[in-house]
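Both complexes shown next keep chain A, but they swap its partner, so chain B is in the first and chain C is in the second.
So, the complex of A and B:
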């Protein structure tokens, strides 16, 4: 078991900067997700760690060894590609055996390991066929098998679910979790999909423009986003982010639908001068219909659109010209129709505040 | 009561076509009958003109038929078809017919039907087998040289390096030159007194070097010239295969710790296998007809050591004037080439199905 330390990675393609001083650490045996929109540098980071990409600056240490300059073959790292990259002219069995052929593993051991992996991943029936004849899900499992058969210390996964349909994605997510629990190897998983990151990652690193914005457990990222970018990336439906500014002594904020005070951010906000631009963030689940004793600020809104998602319904509200998203259990949402007027209450204690210019959390 | 009826537009009265389809078909059939009859019954000098007149008559009727119906498409294609027929199909059929007759183009004696005698004569002629052996040797040597050089060039040009574009244009140039230019170029190149090769050898031996003087040297000279011209063709095909290999396969293989040789065998080669086979067949077909370079460089010499079958056909036809025999031999060669071509097409189609 070994841990991965990545520090100050810089990679430029001509004028485009893919990695801009990326640093993070992955503990031994951890399932770590790199989350970020496309072109955030996830793939480049994985390719740099695998050795396929040469860096302009930075260091990669793996298991206490500096592998920044090590050849691809000598790193002991396996990788699963978004395209699967199965060898089309070899049978599935030959594909699975490929990483072992030149590693000095004897024939009997190769056959045994291939059989073992094929059984674990339920691809035994495809062994004698060409990978192109296998279904998408099978191809995915063959690609996983080819990476696992060599028993790597570190497994890199580059958006491995992107080419699968929604149902298969769900199943394969569970498969990855199961494999990680059973094999206990370090896994570094790049994905643009927060659902994948939140459901699988023990820790998640959020990437933006080649830099790490925040690293934390799914709960930490969800409850204490350091940055409005993280707040927008993590959580579904997305957090409502409303532009405003601080007023008077800096303990209150002015939003298009009124002034608010007394959030968890109030003390930190006092350090800023009045008139500072802010982003007020409140998750759709922290907006509720106003009933009984007021527990937070209330505002009038109109239901603009309802999106039933099965057990929950997303309501698109408009409050004084500001769009707000609210999520309600299905049985409570049925009574609201598009065009209805609705008094809602904000759970101010769960709200977030970010500086408008830098996006940094104020707390 | 006024209804809105637009006045009938004055329509140009379209005359009923005067020529019907049966007339055209009849004319073509008539022309065929006239042609066959004239060629067999009348003396050749008269029969030829009668046959031509019959054809012209049928053609004029067909043109008029299409013109009347404003059917200009076929009319526009017709000249090309006529030219093709006149220059390719007619001589082909004519020589096929001739191959069953005893005929010499430099004698006035009319063709005499002899059946398969020419074919039997040609196939039992030891000279023909000798020439076929020479041809086979030349084909094997030049095609293997082209394959090797073309393949290595493709491996080189698969990489990106400064000046690649310009070098590529330079390497492709020989393929685009005319045969005569290549022949003339190598004639000067091998020339004993001031040719580059001779001058170069003279530095070491002090003697002028006459490459084309020995059978082996002459063959080498021809092979080199032909391979120089056609290696780029093999390179283009192989290069197309090489660039079609997805880059991520190489990356996956690198991650999987595969050696260069193993990567080549399991990833690169399967992608270029089909194209290599195509290059091999295509070049074999072409090399089988090797004529121009041989004729320009050695004229088959010294002796007959480099006389390929194509050169021999030429000699039979235009130097020995055994016209009908040369036609028979040409048809045997055509048969071989057709077999090879069908093999080629079979592999092309199989590759298309695989893709």
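So, the complex of A and C:
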């Protein structure tokens, strides 16, 4: 089975630690996303798995085989680079044929497989040209083709959409999902973009400073973030995180705009002494204009900025000096103008609580 | 309607004329040499200079005739031999410098040593010394080792002289290559050796061409070392040319100009053939991709 097990990877460049005991597992045939800001260690992790980078510690097992010390060549792993990394001096056909030539595949078979891949990726018309003459989207597909042509068991993708424009990104995301479905290949995809991770990944691992913070399905990460970092990374617009402290044996929390009690975190909070610093998290979609019977705590706010995004509008509110983001369907948001006073209600049952010092979820 | 504009890249008459004048000023000495090559002895010496004259190939015939009569004296020029020497010596030494230098440059670029920059600087310092400073020790070394007057000696010397320049130039070309492309080739199954020949080398062909041209011109024109270290059999054109000056009837300007004209041809041919590569080579790294 071609499953990937990565444990305790450590990579230091001089004084900089890129990987600090990174561990995770990817099941055979899974589309796994590594999500994290730049310099979180995503690229280093992929390069270590591919064999391009030597590690100071840790083990990589792939398909039941320890490949930690195996040479790059012959790991059965292909990678798609952010820069595409096509061979500029070779034609597209030669680019696609290159991995097969190096593997000693005979000419007829090479021609057949290159033709097959070119057709699948709709790059047949570029075959006799140099890759530099192809458009960005074509170059991307050529890079995918070169990775797929030798039928790798594991495909690594290092921010492959960064160099594409917005429209192409959307199309290529769909392309990756289609390829994954058709080929059933294990795919490990690194990206700083949560939208890419949420839309493609079957599971997502959130990386911070060379460590895995949380692994889960998109829903799990969205609904039950283990950490304030994950909460801030996943979801758009970003979750509101408001600093406060616990009061009265940890039953309630004091925030700049008042005290709250009764969230799903209340029981867990009781274990903490009063005065513990906390981060209160509420998603922009869990803040609504107060109407009818109260279902949660209400607070007064002022509309600071409206940001129409098409079918939804993000409203930047200020409640007692604290900035809050709220998201409303466009037709409900039109009645609010910048400077308006607005009574909002919090969906406390969907709120999150994190320890201020460690960022760990309290629940 | 948008205002009428000149097509991009087409300059006005004034600029074209200006560029033409500058080009003519630079080209004039060359033109004068070529004209003189077709003049008779007396036309070449005429003051004021003759502009309209009956061209003659007599000078070119003299270049390649083993002997000719100048007054009562028979003189052998043997320039076919010197042309062969120049081509053979310049070609071989530049080839050696390219092979060794390209490999060294790849090493410096991809497998840096501790103190890499220091080594590179030391290599460069060998070109900082004026040639005249090292000529005496080298002359003595050649005398002792028996390399003086041999092809091997002068070829090795020129190869060594071309090396620092070749290493520096080729290193800058290798530095420009995308490391991702090489990583991709490694993942595609290329060994380090195949990576060099199949991926890196083909990408720096323009750089090799540019380096070769500069090296060839440098070696082709070299005079000082050739004067002291080549023998009768291995003499190169610059030295041979200098030795045609003098004699009983003074400088034979026509003959000298004919030799110079022939001397220019290989350089022009090489630059012409490689001009596209040359342009890409010398602009390499100055244009952000």
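Methods note: the second predicted complex is superposed on the first by the 362 of 363 C-alpha atoms of A that agree within 3 Å, B and C clash if a C-alpha of one lies under 4 Å from a C-alpha of the other, contacts with A are read in each partner's own complex, and residues count from 1 in each chain.
The rule we apply is simple: a contact is a pair of C-beta atoms (placed from the backbone, for glycine too) under 8 Å apart; a residue touches a chain by one contact, two chains touch by 3 or more.
Bear in mind that the values here come from a model prediction, so they are computed numbers and not experimental data.
Asker: Please tell me, clash or fit, for chain B and chain C sharing chain A in the overlay.
Answerer: Clash.
Asker: Quick check on the superposed pair: does A:331 touch chain B, chain C, both, or neither? Answer first, second, both or neither.
Answerer: neither
Asker: Of the partners chain B and chain C, which touch A:182 in the superposed model: first, second, both, neither?
Answerer: Once the two structures are laid over each other on A, A:182 reaches no partner at all.
Asker: State whether A:87 touches chain B only (first), chain C only (second), both chains, or neither.
Answerer: both
Asker: Once the shared chain is lined up, is A:293 touching chain B (first), chain C (second), both, or neither of them?
Answerer: Neither chain B nor chain C is touched by A:293.
Asker: For A:128, decide between first (touching chain B), second (touching chain C), both and neither.
Answerer: After superposing on A, A:128 lies clear of both chain B and chain C.
Asker: I'd like to check the shared interface: which positions of chain A are touched by both chain B and chain C across the two complexes?
Answerer: 50-52, 72-73, 77-79, 81, 83, 85-90, 98-99, 102-103, 146, 150
Asker: Would you mind writing out the residues of chain A in touch with chain B in their complex?
Answerer: Residues in contact with chain B: 50-52, 72-73, 77-79, 81, 83, 85-90, 94, 98-99, 101-103, 146, 150.
Asker: Under the stated contact criterion, what part of chain A meets chain C in this complex?
Answerer: For chain A paired with chain C, touching residues are 47, 50-52, 72-75, 77-79, 81-83, 85-90, 98-99, 102-103, 146, 150.
Asker: Which residues of chain B touch chain A once you look at their complex with the stated criterion?
Answerer: My answer: residues 246, 248-249, 251-259, 262, 266-267, 270-271.
Asker: Flag every residue of chain C that touches chain A in the complex, lowest number first.
Answerer: Within the complex, chain C contacts chain A at residues 178, 180-181, 183-191, 194, 199, 202-203, 205.
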